[in-house]
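Chain lettering (A, B, C and D) follows the sequence in which the chains are written, and residue indices restart at 1 in each chain.
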Amino acid sequence: MIGASIGHRLVLTSFGESHGALVGATLTGCPAGLPLNESDIQPILDKRRPGQSSITTQRKELDSVQILSGIYRQRSTGAPITMVIHNKDQKSADYDNLLNMPRPGHSDYTAKIRYGGYNDPRGGGIFSGRLTATQVMGGAIAGKLLLHTLDIQTLSYTISIGNVQTAVPTDITYDDIYKNDTRCPDQDAASRMKDAIVKARGSGNTIGGVIESITTGVPPGLGEPIYNSLESDIASAIFSIPSVKGIEFGSGFAGSESTGSENNDIYTIHDNKIRTATNNSGGILGGISNGMPIVFRAAFKPASSIAKPQDTINTETMEAARIQVRGRHDPCVVPRAPPVVDAMTSLVLADHAILTGHIGAVL
Amino acid sequence: MIGASIGHRLVLTSFGESHGALVGATLTGCPAGLPLNESDIQPILDKRRPGQSSITTQRKELDSVQILSGIYRQRSTGAPITMVIHNKDQKSADYDNLLNMPRPGHSDYTAKIRYGGYNDPRGGGIFSGRLTATQVMGGAIAGKLLLHTLDIQTLSYTISIGNVQTAVPTDITYDDIYKNDTRCPDQDAASRMKDAIVKARGSGNTIGGVIESITTGVPPGLGEPIYNSLESDIASAIFSIPSVKGIEFGSGFAGSESTGSENNDIYTIHDNKIRTATNNSGGILGGISNGMPIVFRAAFKPASSIAKPQDTINTETMEAARIQVRGRHDPCVVPRAPPVVDAMTSLVLADHAILTGHIGAVL
Amino acid sequence: MIGASIGHRLVLTSFGESHGALVGATLTGCPAGLPLNESDIQPILDKRRPGQSSITTQRKELDSVQILSGIYRQRSTGAPITMVIHNKDQKSADYDNLLNMPRPGHSDYTAKIRYGGYNDPRGGGIFSGRLTATQVMGGAIAGKLLLHTLDIQTLSYTISIGNVQTAVPTDITYDDIYKNDTRCPDQDAASRMKDAIVKARGSGNTIGGVIESITTGVPPGLGEPIYNSLESDIASAIFSIPSVKGIEFGSGFAGSESTGSENNDIYTIHDNKIRTATNNSGGILGGISNGMPIVFRAAFKPASSIAKPQDTINTETMEAARIQVRGRHDPCVVPRAPPVVDAMTSLVLADHAILTGHIGAVL
Amino acid sequence: MIGASIGHRLVLTSFGESHGALVGATLTGCPAGLPLNESDIQPILDKRRPGQSSITTQRKELDSVQILSGIYRQRSTGAPITMVIHNKDQKSADYDNLLNMPRPGHSDYTAKIRYGGYNDPRGGGIFSGRLTATQVMGGAIAGKLLLHTLDIQTLSYTISIGNVQTAVPTDITYDDIYKNDTRCPDQDAASRMKDAIVKARGSGNTIGGVIESITTGVPPGLGEPIYNSLESDIASAIFSIPSVKGIEFGSGFAGSESTGSENNDIYTIHDNKIRTATNNSGGILGGISNGMPIVFRAAFKPASSIAKPQDTINTETMEAARIQVRGRHDPCVVPRAPPVVDAMTSLVLADHAILTGHIGAVL
């Protein structure tokens, strides 16, 4: 289902609108027999929802997940799993006067062209960052499936906010990440990142940042050559998160400045297992996992909804206009994004583990 | 067809092996009525093939394309278009002794695990960069389709090799790019880039680089929200090119360090058309084209085949080993890659133009 | 999404279980701008739901549809349309003792093998005929889309029940079909069909029948050659209706006994339009519509849930067993099936009309 | 790839034209390690090719298969397998005068509308029955894969030609089928069938028939509920064979006249295995195999190319016309079709065996 779904065998379909009745997701292809209920999903949703801290939007969205199908006696049945979150705190009046004055950086103009003006404009409709809640719902199941069957785990965390950057050691834990509001496991950098967010918000502005993601436990042999390589499928999944404008695996853009002898990862034997001495490949060679951690970084642009007035145009009169975006918005989306990056990564890896037979149809 | 194809309506399937009988591609979903013959494809293939200049591999591959189906009286019929290039200059003996000693940076090890050792190892088999010729064949048709119907054109060119970088003005031409061997339209930088490649080769090493791609003429309204956004689909396509390890759209990673007021592209009216004053979005908002040029950059790692001896392991004896990659290899793949980047970009954009009805089933 | 979805561009995904919280469907790819609300769907659902007449099961299922996404200001937005029916009248205790004693003719045994016993067995779970309500929901939208854009309309009706058969003239109306409980537009035959159903029920038995479907207004040129021909896609869709075991287009099985000169449909000009004198092809040549009505017949087996005791086995003890299916079941599913056949046919034709550009992305 | 491919994980793409350079197929998703070379395919192609006997067309097509990719050291590599047959005996002049005078029963008119007249009309182009050779190529591999891994085998054979019908015992062999030119294992009926074909040809006419297919060795648990059921996928595959206009599984249309107590297959234990006493379901319940043989029948219309003159129209002048189809055509396509029915059935079952994990990624 072009545009509405992602995955080959484990497929997530997202539906709903920011200010509609609900947002929801259907996950198909989940093997039968996975222990599963709402408590596997809710804690992860809670890490994504707004209003968690002083540096996220103060909208109150409880984001309470409800599983409607595909579960029987607390186990996945193999049938489609539909999950929903009913919307609560919409204030649609905020958007009514913007119909013909597209907000810079938003999808208002492109959505209008694409759907002939019939799209739901309230809160961005289907384009809203709120739809990432549907990705987290599906990703939470994929994550549990990976952990339950192959002991695979994804950890994503903030490594830069604006121009505050840090390098993160590879042996961090989930707790390290969620110890502070920015989701940066370097607590000192996290403090400066928080300051940068507060400062941006204070000036009616927003800032961006970079999230790094490491997945451990991936066996060698997941992925496809040429098309649907792990890089292709992970990149496709990560770009489905609003605001993402770049991705790099392993040594990435910096690696393009190095030489082959520097960038090639030498094979070694460690505990009778095949490893590489470095991981410049990000765990992927020829599109296929090599047994090293899958590592990538995703660049998030500064959120488009700034409080400052901005120039725009009126698409009906074709004249210049000036707009001020109201409503309660995130000064920086990065702190809420790690669970979404985890989710999309887990979905891709679980899908490929099913494709290669590492995870069977019945657990 | 997971792993073998790309696209939704306009679908390219690649087949063949580096040292097999041929490499080929089938393009399905091409509208009927497009004027087409081998001369639309051969000149573009010629820009990709090895042996063009002193800084590419000296392998002699004529890469002569043959269209086998889907064309009647010099026009596309609407049926699948199969194209092949028969292989000529393989020296398979080069690879026989490497079966159990995976070359660092190559897919030898991951391919062996993925396919249980049944994969064709000669020259990398299906994983070979030689398969990019199949992408160029399909992309040449997509490119002609876009130009013929919507006056859309993609230009991709080198902007960095190793640590030689340049910023390129947006008004360059095809001739500017192909005036020198490095495909960098900045002729001065190109000269330094060539020196860097020659130097790397001289020391038995390789270097990487970055290619930028600009597509003009794209109407607003191409793409999908959430999944299969233009970013997702272009990224997926570009990562199908071997050696690519990163991609960024518009302001990309640098944009993540900026603020919303700096990064938002303000709408303006220009010649009674809606434009943006800057193009930090790379022409894509909410996954959908906004009418500005589509701009992205792709990072290529240094080629894995270096002449220097390297440490590796023997996967059978599980002991350390030492390997020297022989054969005729590119010291830098970047100069041969622009036609491939053009091809994959054209395939994605033509596919989306068909999806949205901008290009019909019959021309 | 293999097994959960049908369609290429207009895709229906069905979810939910017979005795779960709900059954639902998500329709993606519906063009933007179609006037739409629940009143377009409910009347068609009402023709399918149980308890309508003396010859259908007396279960009370109101089957009240609720649209949850994809509609804004009474028009489709282009985003996924999710619709649900909350379940009301489940009596799950009926099924608890049957877990290891598969009912003949049902999916109990095959579902258990397929899903390792984790499937929801209550009322057949995902395999239940109740899921046809989700098909009607999607089909109602596809039907409206076809009527609204191309004046295409499908009429499906009963032509045999058990051994009571009739031939139906081609100029019947919707009212002719729904004038009686059997949905046979030949009122005399309908009366005998009803008697046959009552008689079967009286003896604790069930009977099958045949539904014919005629779609008028189809322009020539819909469909694909070889794979995904109209016959392939319609057949695939019709076999997704439980109990269907056969389908034939045009002259079908009888046509296989005729000669080419009898079976070929001669072209004629009628009102300056190209027609055929007969319609033995069922409106499809080479997999593509020829402008004549699409005609097919589908065979429904007698419902598997008979009141009579039946021999079976115990899959745990591997010994013979005897079973009596309780609950309130249809003595014949055919009278409730015409809206489902309409739905699946409409979904396929609307999908192909989108594929060929007869229906655009925005209405 | 809509219209050009079939399958989910094991995907066959057909290309080429009747009078073009070749016909070919690419099979993707074949597991690695299957022993394979041309001799696995050629003998089956030989059973399909024309000119085998006095009752098939006398066109000389050697139909010599060549495998171009995906095989290394006589084993499948896991990469796409492309196979071709170069065309030899085309006489394209036969078709030139028919461009505006569509042959009744053929795809001439629908192809012209669908592709705006750009389709290759010679010999039907992509619509030609010649493309079934590409299906046999793919099916031969699927058949070997099923036999090699799960001891599954499909036997398809003629059970009626015109109005000569027979019932065939279930314990027949491949040799029984191919002992005579009609492929009917009942040798007495075969003789009468041959007479009927000779008689039809003698009067410048053609006749149709029915092929039955039995697949043994299918384990329970292959298939999907609702969509992509075995019935849906097999039906879709069988309708991709030109001339097929009907299909029924198990008791099929006749079963629709029976009662539930007659048609339900009672479970029994046989050799400690679960069987059913009858096989009215055709081995499929709820869309999933139950371990009994998969049984279906396909109705073939009489071939459209009759020697007798026929009425038609001129699509340019919109006036009545008269046409005589020349060339060398089959008086009945049924005798050449059993290998094609075998092929399509094997492709579907192998695909589902991969989907459910019964066949792994590496053999």
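Definition applied: contacts are C-beta pairs under 8 Å (C-beta built on N, C-alpha and C of every residue); 3 or more make two chains touch, one makes a residue touch a chain.
Bear in mind that the values here come from a model prediction, so they are computed numbers and not experimental data.
C-D versus B-D: which interface comes out with more C-beta contact pairs?
C-D
Pick the pair from A-C, B-C or C-D whose contact list overlaps the A-B contact list by over half.
C-D
Suppose each chain is reduced to the average of its Cα coordinates; what separation in Å results between subunit A and subunit D?
46
Taking each chain's centre as its mean C-alpha position, how far apart are subunit C and subunit D in Å?
26
Taking each chain's centre as its mean C-alpha position, how far apart are subunit B and subunit D in Å?
Centres of subunit B and subunit D (C-alpha means) sit 39 Å apart.
Which subunit A residues reach two or more other chains?
Each of 2-5, 9, 14, 79, 114, 126, 225, 355-356, 361 in subunit A touches at least two other chains.
Using the contact definition from the top, classify how the chains connect: line, ring, star, complete or other.
Per interface graph, the chains form a complete graph.
Residue numbers of subunit B touching subunit A in their complex, please.
Answer in residue numbers: 2-6, 8, 14, 102, 104-107, 109-111, 113-114, 124, 126-127, 131, 160, 162-163, 200, 205-210, 220-221, 223-229, 231-233, 235-237, 239-240, 242, 244-253, 255-269, 272, 274, 276, 280-282, 284-290, 299-306, 308, 310-313, 315, 318-320, 355-356.
Quick one: which bits of subunit C touch subunit A in the complex? Just the residue numbers, please.
Residue positions touching the partner: 1-5, 9, 11, 13-17, 20-22, 24, 26, 28-29, 32-33, 68-70, 72, 75-82, 84, 114-116, 118-120, 122, 125-126, 361-363.
If you look only at subunit D, which of its residues touch subunit A in the complex?
Within the complex, subunit D touches subunit A at residues 9, 79, 225, 355-357, 360-361.
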